[in-house]
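These are the structures, in structure tokens.
Paired with chain B in one complex and with chain C in the other, chain A is shared by the two complexes that follow.
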Partner chain A sequence: MATRPAPCTVRSPVALQVGDVKTDLARPGVAVIDVALPPAQPLDLQEIVFKNSYTAFLTVRVQRRHPCDVGRASARKWVTCLWNHCLMPSPHTEAGSQDYFSLFRHQLLCDVDQVTAVRLILRQPSPVWLHFTLEELRLYPRGQQSLQTDFPSWLSHLAPQQQPENLHGGVPDPEKVSTEVQQLWVLTEMIRANQTAARIGRFDVSFQLALFIAHRGWPPVLGLLCGPACTEGAGCILGTGSICCHPELLPAGHAVRNAIKLLGKLLRVPGSGVLEVGNSHLP
Partner chain B sequence: MAACEKRRSAPAPATGSGLVEPVRAGVGGREPESEAEFLLQAGVTSMVREALLKVLEARPEEPVSFLASYFEKLVLSGPQGGAAADRHRQQQRLVRALWYVRLAHHSHRTAFHNNVSMAYECLSARGRRKKPGVNGRIYSELLRKICQDGEAPEEVVSSLLTKIQCRDHEAVPFDVFRYGVLSCVVLLEFVAKADTLYDILDDGSGMADKRVCHAVLGTLEDALGASDFSVPIRYLEAGSKLGPDCLALAMDKALLERKICSSMNREEFLKKATALFIAKVKPID
Partner chain C sequence: MMLEQDTGLSLAIAQIVQRLKGSSLHSQLERQARGSLHKPEIKLESLKEDIKDFLKTSGWEKRLQNAVYSELNVFPSPCHPAAPPEHMKEPLVYMRKAQGSWEKRILKSLNSMCTELSIPLARKRPIGEQKELFNKWNEMGTDEPDLSLFRPVYAPKDFLEVLMNLRNPNYENGDQPSFRNHLGLIQVPLKVKDIPELKDYFSELGLNTGQLGIDDSTQVPPELFENEHVRVGQTVLTEQDSAAAQQYVRQGCPTALRAELWALILNISNQPEDILYYEQLKSNVIQHDLLVDSLIYKDVKLTASNDDYYFVFEDYLYQVLLCFSRDTSVLEHFSYNSATPPKSYIRGVIPFHGFSMYVAPLCFLYHEPSKLYQIFREMYVRFFFRLHSISSHPSGIVSLCLLFETLLQTHLPQLFYHLREIGAQPLRISFKWMVRAFSGYLATDQLLLLWDRILGYNSLEILAVLAAAVFAFRAVNLMEVTSLAAAEAVLADLSTLKVMPLLQIFLFATVT
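Up next, the complex of A and B:
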């Protein structure tokens, strides 16, 4: 859901029973769920959403605060805004027993502004069901819709808004074109979905390194050209004992570093070492 | 027939040399129970079962010719005399691998996968001294051969191959092998489909309007690049973009543009279309 339900505390259902709960064999047919709202902010109720769990009839009462006399305790009045609303058309059978329900403001008997508490009275006349309650109870405040509103436009208008009225004479049959293009799409998607993570583990650096030294002569300038796929062009780093770690070569960076060190030692280049450079030097 | 004899004798040593003689003598048919035994010994049972499995996997339109070529290949690939040159043997392995790859269409996923792994095994078998495995040379050759039998233009094939080929000395893991083979097979089908599409676009005149071609390919590109790969909703999005309504709109709009009416020939269209496909193929690294 795109919107948030109002913050409230849903108490566990209390069964109305005459006699002792433990010893009495008769099962209660009425239960009450109280919902407490934060006292500081009365709620303008828009929608009540819940999942039924074997409740046959629902009565909803709300406690309202009268807007004109705020502050007086007597101004809070309980009113019935839903009377014996049928959730299970036939209480002995399963129908509707686990459905999701959504009660909107316009379905209720009276205004539900400035609500400070909600009481749900659940009735189940059938003895078939051992327990009955409501689950996932949520209250949505007014001004917010529980409907998702951020659908992409192509989804809410399956047919394009602007229909071509009369197609230009030379247009090929769109049905046929669409069939073929969709198949092309499927094939391409398939190859994309089948990509593997396996690698050959290619690494061509040492060869290029040697080449590079040969070209430079003495004193040797150790450097590294980028891999064959480098688009920046050759010669992106030319410094003594420095190394260009092109992103492509990074996994092999360790090996490159060792190679440079070794070469530096072999050729006795003073101060040779590894200088890591990022991409910043690239043109 | 001589090859058949060799083939038959092949499994026999594995089951114990003592049993070979009675089997050969039993061809004349001595006892009823020895018939089943003979089939088992000679490897006919497993061979026929294998053949039936292949038919079921591939579900060919003409089973008889399929089976004929299957057994023909089996004869060819049977053990040869030591005189055959190594090069010749390798060539034969290549032919056999190629045949495996073509057995089932790639949309029969399991069958195709099995066949590709058979091809891989077949290529990776080596002489006694060499280590098993598929090297880049034979892999690349197989890919080239797969691409040859389609009608794909040379240029298109080579641009795909540069992406998925391996160098001669490289060892090719199975996953890379499978992906490479699949890419080639799918490319061939892609080219065939694109060809059909061109037939529709040119409306029998042999020359399709450039603007329309661009509009159609542009729509396809748009749908392919739609959104994040992992989000399932993009399938719906692509479906809506490639529906007849949207395409008609795009083509109509393209035709209304005030440009000089030029045409696009078939080669150019195929090249442009396959470029979209090849761009999605992951290069081997």
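Up next, the complex of A and C:
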């Protein structure tokens, strides 16, 4: 899904007006934007993307080069590939006035291969607007999609839940720890996938863990709830009023600390997903 | 064109899936699917189809449908991928800027109040105070703290001043009066519906369709409409279908069914985790004291406690609003709200004078604090936030004001001209009605009938139509007044008005 727009030069809009531009009080309703492409690189156009700025109707003309026309500049022809496309359904009002638009090749009236120049004709019949133009104009060549069109189909289906890993030997209190660690592992996997925008509910475990950062060479783990000894006041995103703290603040002794150390090794999770979640007070 | 529609559809699907994934509904569905594996009718060969059928028959598919429908209603359709996130909040740059400076002003005012009164924005309560508050949780209204030094951060008329000064820099705002200048107070050229479009949009309010609020009055025999309507309502509740409920309430809700129907439309089910969430917020309230709390107390004392209908619910209001000000999930809605949450201890919404009136009518329907809280929160993130932030959305307050003024000018031009000449611009009177969604101005049963339609049409435009209809109703008296104060007096008491006949006459029975 590369998104490199084609290199081109966009000139500023030129108003088409009968009479003297400077002294005439009436506002022009038509402007033209010329887009020049590098001369030796005719473009197969896929998409035109722009941000509207109070233009009501758009006409697009392209200059094409035919293979038989090589060497004969006069034979290049201008064709209209989009005629009076409506950008603002009600030109006296704001609807559509600052929106982003995409024009795809299949929407255009003619073939847009081997394009050497593009001309955009802007019309704004309403006299209430002081200026009208198009901004952020980009042309995308064929073969490179812009961001939207290339959706993998799996995004439209629910992803299957992944099974948690089995624990290995060397764990103190294996039965107790393993049941609770499995639940926590699933939680971290969900967070790490980081594809959810939904809020994570509170997790009920019988002992509480703390948050670490890269500390004595451990991988950073994860932060969840904290013990009652924690006194810092800022709330975390879970809204429980409790936050994450260093292991030194925990009241328990070696057993808990060892369990936590082991957890760090077992989970091998960078923890970056959770660390981003509202823990601004961490050093 | 077809390709564009397909890609737009798959983008919308992907966004909804992303929002529902990881929600409690997702985990419940998976748990149900896993549990169904024990059932004899699930065969391994046709596992996927059998599980789908099981979910359909057990009602879980309907819940998923309701959740998807809710997401579609609340979140705007996906933007163009090139558009930055602030474009989704509000596409017009000058409106974003105006909202930004308004927020700065409010925060500045709040901060200066803090410094003046030497009160911190937030502090942790000592243990004794926490215990006391916990014991008194259900009767906070008996407290009489000294709030004389506090004043509301802003009132609706301050906000109106800001809206009046809103200008598009690219619009011809000349000094000379011309066709470009609007005759009313709002000078922004937004698209609003006219009466033919409104007739089409609110077609279920037409003269040929039965309405609660009109066809259930004592003179009309109930066999004609009311009995059948109640029966249909009960069927909708049994089916638990959000979309059907939303269509149903356009003709009004029977009083007995209203609480459940609104909960169905807003997709509130009061699961254990929702109750737990509310309890967590409650413990937040007990542990920390925010300055915003004093503002809430003051607002409730000034407005709801003085109201004949709502003073009994004073305690409920504290229980809901104090938790609401600490609720960080409300921040999610800011992605489609033109406002930005303040980056300090005040994590949510800063209440203004009259804010508590959004909650008060709901107390008639819901008596359990956690359910009342969730209903209010959902109503806020769907509707009420639009009434006090600057945006170009058709249900935003700016569009509503412009709609009101346009309707009045088009259909009552003499009245509009007369009021303008005597210095009583109609919007100055009707603004406060619309900002509060008429809460506190109408009788409660009429207000609930109005809010039925807000939910049914998922839009606040009916507030502007009602405001214009009220002016039309009292037009004869208004033509005789000669000052703003006299005009205010004519429109001071709306408690005797019947909402649905007014709307029907204005939309469908006025000769234009």
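We take it that the second predicted complex is superposed on the first by the 147 of 283 C-alpha atoms of A that agree within 3 Å, B and C clash if a C-alpha of one lies under 4 Å from a C-alpha of the other, contacts with A are read in each partner's own complex, and residues count from 1 in each chain.
Heads up, the rule we're going with is that a contact is a pair of C-beta atoms (placed from the backbone, for glycine too) under 8 Å apart; a residue touches a chain by one contact, two chains touch by 3 or more.
Fair warning: this is a prediction, and the values are worked out from it, not measured in the lab.
When both complexes are overlaid on chain A, the residue A:129 reaches chain C alone and has no touch with chain B. Touch criterion met: A:190 reaches chain B and chain C at once.
Looking at the shared chain after the overlay, A:177 reaches chain B, while chain C stays out of its contact range.
Shared interface residues of chain A, touching chain B in one complex and chain C in the other, are 155, 158-159, 190, 195-200, 202.
On chain B, the positions that touch chain A within their shared complex are 136, 166-167, 170-176, 178-179, 182-183, 186, 189-190, 193-194, 196-197, 200-201, 203, 209, 212, 216, 219-220, 223-224, 229, 233, 236-249, 251-252, 255-256, 273, 276-277, 280-282, 284-285.
Against chain A, the residues of chain C that register as touching in their complex are 1, 3-4, 7, 10-11, 13-14, 17-24, 26, 30, 79-83, 87, 91-93, 124, 168-172, 180, 188-191, 273, 276-277, 280-281, 283-284, 287-288, 326-329, 332, 392. On chain A, the positions that touch chain B within their shared complex are 152, 154-155, 158-160, 162-164, 167-168, 170-178, 180-185, 187-192, 194-200, 202, 248. By the touch criterion given at the top, residues 49, 51, 53-54, 90, 92-95, 97-102, 104, 106-107, 127-131, 136, 138, 146-149, 151, 155-159, 161, 190, 195-202, 233, 235, 237, 239-241 of chain A touch chain C in their complex.
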